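Handing you a structure now.
Which chain is which? They are A, B and C, in the order written, and residues in each are numbered from 1.
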Amino acid sequence: MMTTLKTESVPLRSSADVVTLRQKVRAWTAELKFSLVDQTKMITASSELGRNTVSHGGGGNCLMEVISNDIRSGLRLTFEDQGPGIPDIELALKDGYSTGSGMGLGLSGSKRLVNEFQIASKPGEGTRVSVVRWK
Amino acid sequence: MDRIPILRMGNFLLVTIQVDMHDQLALTLQDDLTSAISKNGSRGVLIDISSLEIVDSFIGRMLANISAMARILDAQTVLVGMQPAVAITLVELGMAMPGVKTALNVEAGMELLRELVKAHHLETGDDDDSQN
Amino acid sequence: MSKLADFLQKNESELLSDWMNEQLAGVRRRDLMNDADLQTQSAELLRAITQAAKNGNVTDLSRGEWTPVRDRLTDISSSRAKQGFSSSETAMFVFSLKQPLFKRLRTELAKDPETLFTETWHANTLIDKLGLMTTEAFMKTKEQLIAKQAEEMLELSTPVVKLWQGIVAIPLIGTLDSNRTQVVMESLLSTIVATNSKVAIIDITGVPAVDTLVAQHLLKTITAAKLMGAECILSGIRPQIAQTIVHLGINLADVITKASLADALALALQKTGKTVVRVDRANQKPGERKDGVDEKDLAEKKGA
C-alpha cells in the first residue's frame, strides 16, 4: 500500500530553478536520512532531468513526493513538460546519444542513479519522467 | 552578475569553486578562465572542487572543456579535491572525464602541475623562463 | 452488518478464559512469556477487536476503526519475533481464538442456523485476516533484524589498511555482492581522502569468484579513485579468475594488475617515490655501509 507523505511542486523555467530544485532535493533526502552517496546520486539525477525539462522541454515542473509502502520510504520526482517530446525514447536512452543540443548522458545516466525510472513521451505531447530512490 | 574569482600565483591560476553553480555561472567561469590564461600567459590551472557536493554532466563537461581549452592555450590543468560521493556518482553517470588530470588536494595538485609543466616544456622544447 | 461486536462484548470473560485454555493447551512457551503477561496481552487484544467490530464492519480491516487492532497486532508480533517465538507460535496466538469463538457462537445461536452460519463465517474470515497480519508483521521484523546483522557483518569485513605513507590496501575476503561492493567502494574512497593516499591496492586473493557484476563494481571503484586523484592496483588475481575475466570479455586494459600483493606493494612504493634498499649488516662497521650510502640519510629520506 503506497502512501504519499509530503508533496511539493517546483517550477522549472530557468537554470536558477534547477539550482533551487537541487537544494530542495538535498533537504528532502537529508530529512529522509539517505546515505551521503544516495543523496548525491538523487540530487545529481534531479539536476540532469531538471535541466532537460528547462532546455529541451521549454520549461515545466517537478513534483516532489515522499512516498512510503509497508517496507520502506523513498523520494519520487516527476518531471513534466509540454515541450516537443522525444521521438525515439529507446535511442534517447542510449549512452552518449545526443541530439546535438547536449541531451547526451542526462537521461541514460540518470536512469543509473535511481532505483526506478519511468518515461513517457510523444512528439508534440510533451514528456514526463518519473524517478524513485528508496532509502 | 556574480563570478567565481580566479587567483593568480606566478605562472599558475587557482580557482576554488565553492558555490552550487547555475549553468550561466559555469559558462562565465569557462570564459573568464580562458581569458585569464591568455592574458597572463599562464602555464598551469588548478581547479579546486573540494567544496563541490554535486557535479552533474553539465558541470563535468565544463570542467573537461576547460582542461581542453587550456591545453590549446598551452596550459596544463589539474582538478583537485573531488569528493568520494561525487566521484562515485560521476562514474555511475558515465562521465569518466578522460584527459583531465586530477589530484587529491591542492598540495598534491600543485606538485603535479609543476611536473606536468616541466615535462611539457621538455617535450615542446620551450626554453621560456617559467618561474612558479 | 455484523452483530459480532455485541456477541463479543457479552461473552468477553468467558471467551477470554476459553481462549487462555486453548493457548495453554497448545504450544506454550513459558520460557519466553509468563501466563500473567499472556493473559494481559490476550485480554487487551480481545477488547480491541470488540471495540473495532462495533462499527459492524468485520470484513474490511483497512478501515480506520481497525487501526488500533492492527497496530496492537503488529506490536505483539514484532516483540514476539524479537523474543524468539517462531512464526507459527505467533500466528497460533491469534488462530487459537477460533475454537472458543465458534463454540460460543454455536451455543448462542443454536436456534438461528442462518445467522449462526453468517456470524461464524464472519468470525472465521476475521481471524484468518488477523492471523495473516500477524505473520506478515512477524516476517517484517525478522527481515529487519537480519538486515541489521548483515550490515554489521559487512562493516567488520571490509577494513582498509594503511601499508605505508600514501599507500592503502583493502584485502577483500569472501564473496562480493552488489551491496558489499558498494560499502567497500565507499570505505576505500573515504580512506584514500583521510590518509592522503596516492595509491590504493585492492587485493582479491580471498575472493573465490568474480562475475561480470563484481568486475563492473571493481572497475567503477578504480575509475572513481582515479577521478579523485589516486591510482589503484588490482592484486591477488588467481589464474581461474584471470580466465573468467577474459571469458566474460571484461576489459582491464586501463587497470594495473599484479599477481601478488607483494608485487603490488613494490609498484606502489615506486609510484610514491620510495625505494627499498638492502642493508648488509654482516660485514660493516657500525655506522658504515658497504655501498657507501649514509644510513641515517636514507632513513630520513624514507620517512619523508
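By definition in this document, contacts are C-beta pairs under 8 Å (C-beta built on N, C-alpha and C of every residue); 3 or more make two chains touch, one makes a residue touch a chain.
All values derive from a computational prediction rather than experimental measurement.
Taken together, chain B and chain C share the touching chains A. Most remote chain with respect to chain C, judged by CA-atom centres, is B. Averaged Cα coordinates give chain B a centre that lies 42 Å from the centre of chain C.
Between chain A and chain B, the centres computed from C-alpha atoms are 29 Å apart. Within chain C, residues 186 each touch two or more of the remaining chains.
Shared interface positions of chain A, i.e. residues touching 2 or more other chains, are given as 37. In chain B, the residues touching two or more other chains are 84, 88, 92. Taken together, the chain C residues at the contact with chain A in this complex read 62, 140, 182, 186. Of all residues in chain A, only 1, 37, 70-71 touch chain C in the complex they form.
Contacts from chain B toward chain A in the complex involve residues 20-24, 53-58, 61, 84-86, 88-89, 92-95.
For chain B in complex with chain C, the residues that touch the partner chain are 79-80, 82-84, 87-88, 90-92, 96-97, 102-105, 108-109. Interface residues of chain C facing chain B in the complex, by the touch rule stated above, are 185-186, 189-190, 192-193, 196-198, 220, 223-230.
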